[in-house]
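Two complexes follow with chain A in common, the first pairing it with chain B and the second with chain C.
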Partner chain A sequence: MIDTFLVGNFIFLTLKNAVPLVLASVGEVIAERSGIINLGVEGSMVVGALVGVAVTLMSGNYLLGFAVGGLAGLLLASIHGFITVVFGANQIVSGIAVTMTGLGLTALLGRGYVGRSLYGLRPSPLYPYDVGVPDYLKPLLAALVRHDIIVYLSIIIPLLATWLLFKTKYGNSVRACGESPSVAESLGINVILIRFSAVLLGGFLAGLGGAYLSLGIVGTWVENITAGIGWIAVGLVAFSMWMPVRVLMASYIMAALISMSYILQGKVGVSSYFLAMIPYIGTIMILTIVNVERFKLKLGAPTALGRPYIREERLG
Partner chain B sequence: MEVNQTYFSLNTTNSNHDYVLSVRGVSKFFGSITALKEVDLDVRKKEIHVLLGENGAGKTTLVNILYGIYRPDSGVINVFGKDVRIGSPRDAISYGIVLVQQHPMLIDKMTVAENLSISFRKLGYFKSPKIIKELIREYSSRYGISVDVDALVSNLSFSEKQEVELIRALLLDVKLLILDEPTTMLTSYERRKLFSVLRGLIDEGRSVLLITHKVVEALEISDWITVLRRGEVVASRPKNAYSVDELVKLVVGESIRAEPIVSEDFSPGNSVRRPEVLSVKDLTVVNDAGGIAVRGVSLDINSGEVVGIAGVSGNGQKELSEALAGLRKVKGGKILICGLDVTNRGPGDRVRAGFAYIPEERLRYGVIGEMNVAENFMLKNHKSFSKYGLILEKDVVESVEEGIKAFNIVTRGPSEKVKALSGGNIQKLIVARELRSNPKVILAHNPTLGLDLKSAVLVRELLIKARSNGSGILLISEDLDEVLTLSDRVVVMYRGSIVYETSRTTASRDVLERAMLGLVNV
Partner chain C sequence: MFELKVLRRYEVSTKLKLTVYTLSFVVGLSAFTLLEVSYGADLYEVISKLLIKPLTSYSDFQVTIRYAIPIGIMSLGLILPYRSGIYSIGAEGQMAVGVIFAAWTAYSLIDLESPYSIVVALLAGTFGGLLWGLIPGLLKGLLNVNEVLITLMLNFTAYSLTDYLIYGPWRSPKAYGFPLTEPIPKSFMMPSYDGIHLTNLIIFVLLTVVMNTVIKKTVLGYQIRAYGLNPTAAYSAGISFLKVALLCLAISGALAGLAGSLQLIAVHGRLGPKSWSVTEGLGYTAIVSAWLARLEPWAVLPSALLLGALVNGGLTIKAVLGQPEGIVSIMNGIILLSIISAEFFINYRLVIKVGR
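And now, the complex of A and B:
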């Protein structure tokens, strides 16, 4: 007989741990589809996490905290937008700077919030599971239905993003900007506006992901709460070949690994240092892809990914 | 150069508001280069207006200004009687101006419907592009254009892409359609079809501004011709007010031989068998996406022979030429230069074996734009210009100046940055450099693409001269006339294979064109 409690716990944790990854990665997919790589995801997440806690404590409404956390992520991403989209600067450098800013800023401003419990303000489960099922199956059922609304929202968002990117004019415009900004421009698209909006949307989703991390998972604010989750999210984008639905699956795989490490803690010797390393391996991977044309083509990356668009250049 | 101002003032009853477009005194400078100088242009309603001129005359710069891609440094643009500021293609489209550029402005990885949805303004941002599919079908049947709305753009031929752009213009309810060199890559059948579509647009009350460097074409399609030379308008009259000779003179600025070289016949049978300089055996090459682009191509080129590869662009010519030049890995088969196997060796080994390369993407593979003329000129010949690893400045300058003169390169001198030169002059610089070492094999890929008539004739003559000196030349060109003029043998490439081969004396344009479209079986 399998230990349903253990398995249920594992599934439950996986679904929960996947939320920040899904939200941030889908956001990054949208930004990268427009041709802008945003390494500021980690920064947007950590800012979203702190603002989420602060607003929830102030207002007593965790959904409000969650939403404002998203806006905070958007605000930070707008710095990246200005630097890279409006001024056409190097996207890698700008993204890293934005992340550094986010981490530093939250460490400074978050001191008063460290350890303040959100008990009672955290998202509460939607569905009681005490229905007529055999006792030993209850943990499994609970793992699927006893979540807060954000977990279910995180499943819908990749589908919404797919619809947005592939079934709307806005999405076509975003993809056109990511494939060839000069063609997009001549098709009558405002490239700056579309790219900027995609970066903002990405920042908003990253902020939401960060807010769920503090509000829904950790339940309090701690410095550097993201601990590389944002970098993993960036890595998952390439792993998912810029497809929002694949992001969902990739996030579950990654979240399962993370959850496994919680459950197996002490039982199997997986070094925590090894786990801490994963995000950065992912980052190296994506930087390689962005800079090697051949990989880019093979993986189906947006052709103009990472390339600034500056108008009025004399062409050959 | 002295410019003859030969404006033709015509007494028309037309008042000003019959002008769809009226341009006054537009100038544009790129750094120290004057691209356009005080240009005036009037396009009337229901008119096909041809803007004629050599490359580098400023035609493309002008249309880029009209479409809001460049901004003029001075001058006034008036559309339907209103002075306007065209700051972006969006602005231009809102005034009813649509530009079909020389290279299709479409996103390859998206479908036809998706591409068209982007620029269809009546479609809300969060609406599905599906709605316009019906509209596209309606327009395409009304104008006799057939497009598959669900096809991926990357799978379309050049002329199909152009048709998609025409439908785009119609969806935008174009008032003034601008086409930049639309016929360069079309077969004669496709060209006739395009012209009949354009006539249809005129009948509906729209106007067309067509840019070309071909005099014959201008006379064939236009109502009115404006000639641009070195950034200035030198003539603007109704078509009938020109004679062919006069028009050619206006375009070129001085009389040149209109008909270029006809190479004397070369038949390997009755002369001494000349040595093979390039031998390609069963060559297979993959493209960037991993698909097979060149399948089992075999070719032999003898010394003193020109072999021309004709074909519609995108049938593996690019991959073939890159593989021959050592810029792309070979998947199967062999490449021998003068008997030496260079199959998977780098470009350096090929150069040492006597290989010269005139690449298609001259700015990418031919020159380094940020470096000056002299530096580019000695790129392949550093050894002969240096001693103990130090560059002999004087030798270089002397030899470059010689080259500039011999090849008629228009530049301000050896120290001018190459990116400031026009395409024709860059090409002449490349040819000058490549021919300097008396190569055994020359690979010329679209050597005159985008060049003005004078430069094109010069480049072709240089190739013929190299042939007389014993070089074997592989000419890959989309310009069938060029292939027919220069080649001793003609082969046709279609979908990565050689589907047809003939000698020039027996070549028929018709058969070749059909072979290019894959309609001939070997």
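And now, the complex of A and C:
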């Protein structure tokens, strides 16, 4: 007999923990498809998490907090966008710097919010009932249906992103900029604008992911709330081969590892500090495995990923 | 009508470079000062505490040096991978592992006599950092796995490892319930002269000379720079990427481990959590210091001193105004952003055309 309560709890946590990862990774896929690596995702997430809590407390509406959290993530990403797209600065260093700034700013501005209760303001389950099911199966059903709206929306986001990237004119332009900005320019695409907007969109989604982390998962603001989730999300992009739909699968695998590190606490004879390493070591292993596969399949990143494009450089 | 044109500069004078770099640093620092002022700090107080006192008052200068040494040693290490186009941000974790290794020797070899004990602790710390650097080195060199993410994940792992030790087996029963370890034995502590750890300083300066030679005068240095300038050409020329990646990341790990063990045996003497930790986030400040030095080993001497002063000043402001640790992180971020933007103004000039 399996312990349905434990399994149900594990599935429930996995679906919830996947939300920030899905949102942030899909955002990063869009940015990287345009040719810009944004390592400021962790920064955008942490800013979104704080602003999400602050706005929810002020307005009493978590959906507003969630949305403004996304905008805050976008605002931070605009720094990265400006410096890398317009100035053509080193994308990796800029992303790291943006994350440092975001982590520091939220530590400073978030002090008044540490531990503030969001009682009654957190996202609530859409369908809190589980009638007509034998008791034994209740936890399993609850794990699937007792979620707030954002959990279900997060499943649609990768599909929307796939449509955006592969079926719209904007998506074609984004991918063109990621493969060859000079060809894109010659086709009349404004590379600067497309890349900048892709970074902003990525930052917005990362901000939303961060806001869900504080509002939906942790339930309060804590300094350094992201604890590497943003970086893990960046790692999932390569694991998903830059495909938004694969992000969903990758996020569930990662979220399962994160949930496992909670669930196992106190149940196995391993210190919680070692269990806390599971997501980090899991990311290292996932990145290693995917690179072994990529070497075999010769699947690659967008060709111009990480390369700055400055129009005046075309001929020189 | 306005028209903004971006024109390439084909000849860049050293004077121009220096001016733009200095300006960009000043812009970054001003932005941080502005933030502090808008947060309610007094402008004069911020400037004096942040930059002037840490460099002019002798007692503050001692603390500045105390920060500058580990920042500088780690920057020297980071320059190697950065020069080869490998972006390690793992100094923080490698430093933490170095601290653990050095502390382990101190706790297990209590009876060792003074000069040997210090040498053993430093070697152990260096080895620990090297091991932590070998992981991304192998993964990058063999499989081209993203080193930014691997090194960062290893930083978090090293933090968890430290937490395990200070909350678990190494926790001192005499620390009034605080998660601190026992102080390491006296024989393992580095002597200081008038508040300055001369040995540490000498190691830093010597390493600067060594790294400058390695980068500029050796075959390895040439190979590293070749990969940084044009990886395809370097690969075609038969330079082993595995060798470059492995050596760059292992050496930078070793230096971070050395910095950590020096900081342990000279300054802290015990392990602790967060604000009492030996690493204090200096591994991240070292990244800023390396870029501020424009990846020139000799320039790390002034840049580490400057960042040592800023960290020292930042922490003073933090204490005086009751702000969180995060302000050093903001300062690092803003300064890093402004110095990498400077590259654009060095390579291009903006021309504003009015009318048509």
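In the analysis below, the second predicted complex is superposed on the first by the 283 of 316 C-alpha atoms of A that agree within 3 Å, B and C clash if a C-alpha of one lies under 4 Å from a C-alpha of the other, contacts with A are read in each partner's own complex, and residues count from 1 in each chain.
Going forward, a residue touches a chain if its C-beta (ideal position, glycine included) is under 8 Å from a C-beta of that chain, and two chains touch if they have at least 3 such contacts.
Computed from a predicted model, the values in this text were never measured in an experiment.
Legend: residue contacts after superposition of the two complexes on their common chain; A:S180 is shown touching chain B, with no touch to chain C. In the superposed model, A:T303 makes contact with chain B only, not with chain C.
Measured by the number of chain A residues touched, the leading partner among chain B and chain C is C. Of the two partner chains placed by the overlay, only chain C lies in contact with A:Y280; chain B stays clear of it.
Using the contact criterion defined above for the overlaid structures, shared-chain residue A:I189 touches chain B, although it does not reach chain C. By the document's definition of touching, of the two partners only chain C reaches A:F87; chain B does not. When both complexes are overlaid on chain A, the residue A:N172 reaches chain B alone and has no touch with chain C. Once the two complexes are overlaid on the shared chain, A:P244 sits clear of chain B and of chain C alike. Of the two partner chains, neither chain B nor chain C is touched by A:G203. Across the superposed pair, chain B and chain C both touch chain A at residues 311-312, 316. Those residues of chain A that touch chain B in the shared complex are 164, 167-170, 172-173, 175-176, 179-180, 182-190, 293-294, 297-298, 303, 311-312, 314, 316. Residues of chain C touching chain A in their complex: 6-8, 39, 87, 89, 135, 139, 143-146, 148-150, 152-154, 156-157, 160-161, 163-164, 167-168, 284, 287, 291, 323-334, 336-337, 340-341, 343-344, 348.
Across the interface of their complex, chain A is touched by residues 30, 67, 69-71, 88-90, 93, 99, 101, 105-110, 114-115, 117-121, 123-129, 168, 172, 288-290, 362-363, 419, 423, 426 of chain B. If you check the complex, the residues on chain A that touch chain C are 39, 79, 83, 87-90, 92-94, 96-108, 111, 223, 227-228, 231-232, 234-235, 238, 271, 273-274, 276-277, 280-281, 283-284, 287-288, 291-292, 295, 310-313, 316.
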